[in-house]
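The two complexes that follow have chain A in common; it is paired with chain B in the first and with chain C in the second.
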Partner chain A sequence: MEPIIKIIKSASLATIVDKLKGRYPRLYAPVKKQELVELEVINGFNDIAQDYLLTTQSVKKLAFPRVEKILDYTLQKGNIQQQSPDTSNFPETVLFGIRPCDASGFRSLTAIFNGDKPDEFYKSRYEKLIIISFACNKADAYCFCTSVGGNPGNTEGSDIQFTPVDNDEMLVEILTEKGKAVADLFSDLLSDCDKPVDKQAYLANVPVVFDVNKVIDNTTKSFNNEMLWINQSLRCIGCGACAFVCPTCACFDIQDEQNMKQGARLRLWDSCGFSLFTLHTSGHNPRHIQSHRWRQRLMHKFSYMPEQLKVVGCEGCGRCSRACPVDMNIKEHLLQIAEL
Partner chain B sequence: MSDILINKVKQLLSDKAIDIFIGHGEGTGGRIRPIFVRTPEDAEQLIFNENCKQSWANYLLKPEVKAAGKIGMMATKHALRAMMQLASEFQIKDNEVLALYWDNNELKSSADFKEIEAYLASQNHDILPHEQEMIDKLNAMTTQERWDFWQKEYEKCIKCYACRSACPMCYCHHCAAEGNQPQWIPVASHQLGNMDWHLMRAMHLSGRCINCGACAKVCPMHIPLNLLTYNLITPIQQEFGAIAGMKHDATYALSTFKTEDKENFIL
Partner chain C sequence: MENKNIYEPYMMRIAKITDEAPFVKTFRLEFVNPQDAENFSFHTGQFGEYSVYGEGESTFCIASPHTRKGYIECTFRQAGRVTGELASLEVGDSMGFRGPYGNIFPVEEWKGKNLLFIAGGIALPPMRSVIWTCLDTRENFKDVTILYGAKSVNDLVYKHELKEWEERPDVKLVTTVDPGGETPEWKGEVGFVPTVLDNMKPNPENTIAIVCGPPVMIKFTFPVLEKAGFKDEQIYTTLENRMKCGLGKCGRCNVGKVFVCKDGPVFSRTQLKELPDEY
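And then the complex of A and B:
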């Protein structure tokens, strides 16, 4: 639908949060917890972190939780009874105050999970999400959304977007039918936009550092450039921090937890950075060294996904770089690849 | 300090005394990152200042690093202790790794275990006061309070295994967390899976932890994991008279029988 543009007083945010909470008990927002900023269910406006760049973890956990039970079963006298968890009743969930790079991250996740055959768990959870994002008015040295097709005011994936503008006011963009229904809850607080607002002027400045098409071409061409991958990943210690905080990493592991009588099948986050990820039962590991795993990480995001799913598997949020124990700054590595 | 280090590494690389040097470099926004130097020109990127406290000993066993040839390393006190502990576990050999370290503002270099041991013996290895304070606080708690404290911390864990990857002593090719015949530790990052993982890791590091604190420093969820392993240092020291990483030929306290071992645990 055509976006509806409104203006709201920043001071009204607390009232909006109250109204949302009244209608949607599962209201998630960024909450400061010591060094972390986490997306959590809030009770009111005062719970929301005041000054945050983005949440430590991405929002993917709301549609793709780190532990998802996909099957229950019981074993009785040789009889196996299976039961799939009910996916029709996931509660409606509002994500309030997430960033544009998180909202647009669902593009990749949806392409992966709902590609050929929709994944009922992802699909059902995602359908219940109402996404109210806040455009970024600041960025840090890790941000590079503008280099991968995004921008600090990108509305893709959001139902409503707020942008702080002058005079303690916020620009409100109502972007979808879902967003319109939610905005009706606080329509009395919205006023019409008398004159056009130059949204761009209020956004963070995130310079474009590389041409993503060059990255796509060059990663695809560089599969056999062993020294490139070894040099880039020499300091990589092979943990999964990057993949687990990433808004688009979707690889998972299936594990059964059971006793003699019953069990559950779980879908768990996994990471291509782990040596176990590709270890065969025979003992052979086709990605036997870390450089091959690092290559896989970049090839998947910048070669296989663009080719097969027509999306780039990166939103430029920089979480992987911030979380990396050894400062593997992906922006630098992508720039190096673009300049090959 | 950086200049002295750079000149030394340049010389070592030109003399072919080493093929690759692991040191501290400038990272993003003032962070410190490990850098790998193979040519005298690249040595210019090395830095050393009061923020360079990280140990890079966990790279000594990485296949791509080993494949580069003879390794030199800027070694903090913890990195040297990690080397001694790795040696005692037969993971590195005498004269295999050239360690550069600061001794009273003098840059020394040695690959000789005896020399490194002598230097370590002259240093203080106590854990830092604020860390000890935290451990004392935990030990003063009731069992329930301590349980609650750790459950809240484990809840944050996303099982990225950065703690394991950063730990110089977590080098097992086949980690117990990855065994599935039988499955000792639940793979899932749920309450039980997280707790089992951290307790198992702490037990495997009892008497082996060289208190570098890397596990806690790298945790993206800021869990103070070092307190788990640090808490096991004092009991081992009291019962067996040793802390890890001081001797290249030390025997592991928990798997070695000595006639003078205390037997007061036998009822």
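And then the complex of A and C:
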């Protein structure tokens, strides 16, 4: 639909949150936890972090939880009963104050999970999300959304987007039918835009550092460039933190848990950076060294996904670099590849 | 019936267990729900996720041919957590099966041709499915030759079926064991599969070669076929990589951009040559 543009007083945010919370009890927003910013269910406006760049972890857990029960069963010798968990009653959930790179990150997850054989768990959870993003008016040195097709005011994936502008006011873009229905809850607080607002002027400045098409071309061509992958990943310890904080990483494991009487099959986050990820029972491992696993991470995001799913598997949020315990910086590695 | 939950397995009952070799068993599985049995169909070459409730899932091919309905068979070696538990199951026990997944052997395209099956060790099961598919429609094919090798006489799987193939006048069976794996009574060949194949002087004319075995066997078998004059499009194999979902989502079985679970597991050598060395 054509976006509806409105203006709101920043002071009204607390009222908006109250109204949202009244209608949608599962209201998630960024909350300060010492040096971390977590996305959590809040009780009221005062819980929301006042000043944050972005949440420490991505928001993917709301549609792709770290642990998802995909099968229930009871175990009795000779009489096993199985049941699929009900996916029809996932609660409506508001994500308030998340960043544009997180909202657009669902594009990759949707391409992977909703492909030719839809994953009902992801699909049902995602359908129940109402995404209210805040455009970025600041960025840090790890941010590079503008290099991978995004921008600090990207509205893709959002139902409503707020952008702080002058005079303690915020620009409100109502982007989807879902967003329109939600905005009706606080329509009395919205006023019309008298004159066009130059949104760009209020956004963070995130310089473009590389040409993503160059990265895609060069990654695709560099599979056998062993020295490139070795040099980039020499210090990688294979901890998988990059994958866990990533808004688009979707690789998973399937494991059973049981207590002799009943059990469940679980779908769990996994990472291509782990040495066990591709290990065969025989001991053979197709990606037997860390450089091959690092290559897989970049090839998947910048070669395989663009070709097969028509999406780049990276939003430029920079979380992987911030989380990396050995300070690998994906922006620098991608720049190196772009300049090959 | 399309399962809404793509991870929900069919409930299966073990109808028959055959001990094939040390730590190797074949299960015949029947659908607990008759409706599932009716709706289920697969084609030779495909695989599935077999599960022990409480332990997890393992990936094996469907070892029976699609020409035989009402059941599927799988053959596995007891090696890890799931296969260890599978091995302790008995006739009548329940287990799960998800599938069929992956692409198929293009047997329709092979009509009117000679077939040369080359298998090593525990890789005979995927081959057995396509061998029986072809033997069940024997009139469609010319000469059928099977070369099968294992580490030792004891390690040969499907011993009864090997005997059956040996006795058939319309099948040429050559069995071999690795040097040192023979017994005093052993009447087959002694030597590695590629060497035995070389000695057989396979004729490439109007012939399709289907190769399945451990990576090292495949690596040394291709050059022998090439030397004999087989072109890449005459050679097929089936790959195996670690898998979890079988649906192209979990992200681990890919060889370059190709998902073994979705785009494979069956590849011609022409396709194989385009893949990077990641399997």
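What we mean here is this: the second predicted complex is superposed on the first by the 339 of 340 C-alpha atoms of A that agree within 3 Å, B and C clash if a C-alpha of one lies under 4 Å from a C-alpha of the other, contacts with A are read in each partner's own complex, and residues count from 1 in each chain.
Going forward, contacts are C-beta pairs under 8 Å (C-beta built on N, C-alpha and C of every residue); 3 or more make two chains touch, one makes a residue touch a chain.
Not measured: the values here are computed from a predicted model.
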Touching partner for A:Gln200 - first (chain B), second (chain C), both, neither: neither
Which superposed partner A:Asn213 touches (first chain B, second chain C, both, neither): neither
Contacts of A:Ser10 with chain B and chain C, given as first, second, both or neither: neither
Contacts of A:Asp327 with chain B and chain C, given as first, second, both or neither: first
Most chain A residues touched (candidates chain B, chain C): C
Chain B versus chain C as contact partner of A:Asn43, first or second or both or neither: neither
Which of chain B and chain C A:Ala241 touches, first, second, both or neither: first
Chain B versus chain C as contact partner of A:Ser191, first or second or both or neither: neither
Chain B versus chain C as contact partner of A:Ile80, first or second or both or neither: second
Chain A residues contacted in one complex by chain B, in the other by chain C: 253, 255
Touching residues on chain B, where the partner in the complex is chain A: 27-29, 31-36, 58-59, 62-65, 156, 158-162, 164-166, 178, 186-190, 214, 217-218, 220-222
Residue ranges of chain A in contact with chain B within the complex: 34-36, 56-57, 66-67, 140-142, 230, 233-235, 237-241, 243-245, 253, 255, 257, 266, 268-269, 271, 274, 276, 289-291, 321, 323, 325-327, 329, 332
In the complex, chain A residues that touch chain C: 70-71, 73, 75, 77-80, 82, 84-85, 87, 112-113, 115-121, 223-224, 250-256, 258, 260, 263, 265, 267, 270, 272, 277-282, 284, 286-287, 292, 296, 299-300, 303-304, 307-308
Chain A-facing residues of chain C, complex: 3-9, 11, 51-57, 79-80, 83, 92-94, 96, 214-215, 240-242, 244-245, 247-257, 276, 278-279
